[in-house]
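Following are the structures in question.
Each of the next two complexes has subunit A plus one other chain: subunit B in the first, subunit C in the second.
Take a look at the complex of A and B:
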């Protein structure tokens, strides 16, 4: 047998090639869609930071840490994202101090931010400070041939809003989880009229991406994973060939296809849903649930939280979830089945069986 | 070379491993995972041990695996970071070989999937054995009459057919016999001997499993304990060294990788790359500063601690965890201040001391006596 001349360089190069193949950074699919120039791009998505003021300049450090980590990681994305969407609920109780604190942390991002308002940002002053300091409550923009619409999907019925004697009471009522005295979210007729006008000039072939805080469909009413006039909003989007809705609010991996619309949810950076009683030595700062549920690892405050980024290629979205205490997952629109599909776990053979923990 | 007597006993016990059935593992250990392609035989183990001590596998004939993985020091070197050929300093603390067979990946950043693959790297690392290639190793084993005979007996190969894979398979087989259980902890928890641990250590075990939160990564299972979750975590150790210039370092690293730079070499020669941890292997941003959970077995005799050897004593380690590690953007979600009382810290350290297996406890006591004499005494026992 001939002597295999393995030099150090060739051996390590081989090993390096294997390692390099295993190291998968941001994936960009270079597919041109129907035009001569490639119109694919990537943007990041951070959501639901729920920054909570304790007193003065002291904020709940767990939630600060979550947002800081997402921002730090987004800044390491290579190639850089075109922009970063913030999915809403920057603050926990809508206080100016909390919104300011969030703006300060987010200013470390090395990409422009597109803001979506959440109910925790809104209900203390009905969005006044947000509209003044952060962004319009609803707006639209175009980017590389894709029409983006940002909706305020967390409005609700006027008589519920008027019911509370102070803004703080109103905010607390809306912030309360599992709230039997809650009120379902909606986009509202006025905004839907605005939406209709905004979309009037957009051709049905143009990919449309809608960014809202709460899901624009009906998931689970007791948790306000809900939009009361979802059907009306979806009707406005019906004529478009490629529609994607990306939302936060649910603090979990969630995706769906309803008619022509693909829905993708984003994690929170603060806490997952559902969540267990956290195993801590200090009082738990996570809001009280009426029923604690076991799901995320109680040992790690970052389990079930994370951020993500989306590749828009051919006008369809692939959502990459960066799960901090778990393996990353990609949910991508599958043209064959016509809906978002988890690229790894959808296959029944690849599903992780339920586990018993002692 | 002189062998620690108890190691010799272990090897003789190893000769009872005939065919497929392996002897029951020591108390508190799961069965040793053995790859199908590399079964353990007594002859292979003997060969592997010889290769482990072979100094000719280095550029100037001074370094063998045992240079850093000293059997008499629980297969470590007692140094913060390893010192290889010509006393060059590496960037990482030498992990113990003892119970390394239970890791599902090797090295602090898990860059090699098996003991076999791990063994190939240090030979050709300029800081460790300093060889340019595996060529000189094959030269030796193909020409040395004793090696020729041993390789023929073990693998059924002629000298020309010997490859580096045979060499590392033998070394890995030897390493799979370097396991230890039956510590006071094992006798207490798995052996039913409630007197095996002191009161303090028993309290320490409770802290380990509850307030200390240790067991979440340093796992203890129902019938055995490897004290590792085989996962990677960022505690912030040493992260301060690179945090201020992290973007520059990551950019430089990515550039170098794109140009095909060697991961093994850059990790051990460049301190800054070393601190990137698991990220250097996976490229995943959230892996920045993450290192593998090491086993805690024999931790009392494998100081100093952490991937850079920066913590000298178990007390320092407990203090480090108590304060919640070193804050950084990528800190593991499970690391937080513990608010342990002084008593709890002492008890925890007592418990950690109880994880030392008898053989290494004896060797350590002998070491404590006096230098070289102590080592010889340990060997003679």
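Take a look at the complex of A and C:
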């Protein structure tokens, strides 16, 4: 199934998106894609656009271009995705102007959007404008037999929230990834109680997909690749047979399996982040399972960025990373080993030199 | 301090030493207090480098270095000088710092001996301390 899609994508890349929209053998793709099982469906994922206001109507054009390109490419998907998830950090400093600008760009999408809030959207006004204009901060929905839960995983401790003299100061402190004065993300007990209640009516054989901004496990605390109460959330998900967590925040290819839960990270449309292994002063817990994305070439503006789409085949995910300057990658759940594997690079002998980070 | 200033300073010190004869022990001995002082001087420059590295004012569009390089990671100071295929030549870390200031940060390049450049280099290198030199590595 994925082979046809990748071919179509590669074709788009070569032909140029506009020309391809008219010329692509769309009907062939639909035949190859189509399955009668209603439980199989596709959704797209765009994340971490970090739209940055310079002054007035002037925004950092590099980051605008990333989001616009992802939107254009999602609009060319055929058949259309059932919906698009936005994985958080639409804005850089939570400003209304940035969120408005993001909403304007995103309004070009020809599919409904499911929004996840990120810390860059949140810490200026503690999510007030987001909740008013964009989406609730946490919610759930059902789609073709799959139960989706959207969590606000970027909350933190009250003492930290109160320690800043202005909202701008608080936002800047949280926006700095490597801030020694930062504070770990968490879901919080109130939301975990809500989650328990939400899941109470869901049978254990219903596939569950959780959408969060931060990874719901612990990778690297100094950069908040981390959720402080991740274990508590994992415990709530334990009784389900098929659980997938998809998150943003880390700006890189990252996947893991912990117990019954498969984790997949999304790319950013704005810029890539290094793997914590490349900061040698502090130990990290980067999952051994992950085959790293290629080291980004700084001279290429869109390298190390991209978007993704997932197909849910009988409740298990296959994550397709659309990498603008590199070959696309597919990481899918392997029922034999019970964990996500890269369909090309998982075998160490198949890896290529740029995947080595140091 | 610029090179010619350093040179002037050195010559003046040399002249003073000659005038005093062998009375002062001179350049090859230093104390724990000296070490501490030099360490402090160095760390002050590292700290200034950290500030600049996280400042939206180094370039022209509010973007800062740490947005792509938290803790200066993925800068690999130990691999310079190395061939940069896009520049078509072997380049130094300072040239790459300027490339970043000019491109993602949309700013003006710094003179290579600018105190801000020295501070940025000090911070980047300090965050990578302990890693062995490996010039040319990709």
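The rule is simple: the second predicted complex is superposed on the first by the 293 of 358 C-alpha atoms of A that agree within 3 Å, B and C clash if a C-alpha of one lies under 4 Å from a C-alpha of the other, contacts with A are read in each partner's own complex, and residues count from 1 in each chain.
The working rule: a contact is a pair of C-beta atoms (placed from the backbone, for glycine too) under 8 Å apart; a residue touches a chain by one contact, two chains touch by 3 or more.
Source: prediction; values computed, not measured.
Undergrad: With the two structures laid over each other on chain A, which partner does A:88 touch: subunit B (first), subunit C (second), both, or neither?
TA: After superposition on chain A, A:88 lies in contact with neither partner.
Undergrad: Check the contacts made with subunit A and report whether subunit B or subunit C touches more of its residues.
TA: Counting residues of subunit A touched by each partner, the higher count goes to B.
Undergrad: So, does A:299 touch the first partner subunit B, the second partner subunit C, both, or neither?
TA: both
Undergrad: In the superposed arrangement, does A:308 touch subunit B (first), subunit C (second), both or neither?
TA: In the superposition, A:308 contacts neither subunit B nor subunit C.
Undergrad: Applying the touch criterion given at the start, work out whether A:65 contacts subunit B, subunit C, both or neither, answering first, second, both or neither.
TA: first
Undergrad: Would you tell me the residues on subunit A in contact with subunit B in one complex that are also in contact with subunit C in the other?
TA: Common to the two interfaces on subunit A: residues 279-281, 297, 299, 301, 358.
Undergrad: Within the complex, which stretch of subunit A touches subunit C?
TA: For subunit A paired with subunit C, touching residues are 50, 52, 54, 60, 62, 176-178, 222-223, 271-274, 276, 278-281, 295-299, 301, 353, 357-358.
Undergrad: If you look only at subunit C, which of its residues touch subunit A in the complex?
TA: Against subunit A, subunit C makes touches at 54, 61-63, 66-71, 73-74, 76, 84, 86, 96, 99-100, 103-104, 127-131, 138.
Undergrad: Which residues of subunit B touch subunit A in their complex?
TA: Contact set of subunit B toward subunit A: 111, 120, 124, 131-135, 138, 160-161, 163-164, 211, 213, 216, 222, 247, 250, 254, 257, 260-265, 281-286, 288, 329-334, 336-339.
Undergrad: In the complex formed with subunit B, which residues of subunit A make contact?
TA: Those in contact with subunit B are residues 1, 3-9, 11-13, 15-17, 19-20, 22-25, 65, 68-69, 72-73, 75-78, 279-282, 297, 299-303, 305, 322, 324-325, 328, 358.
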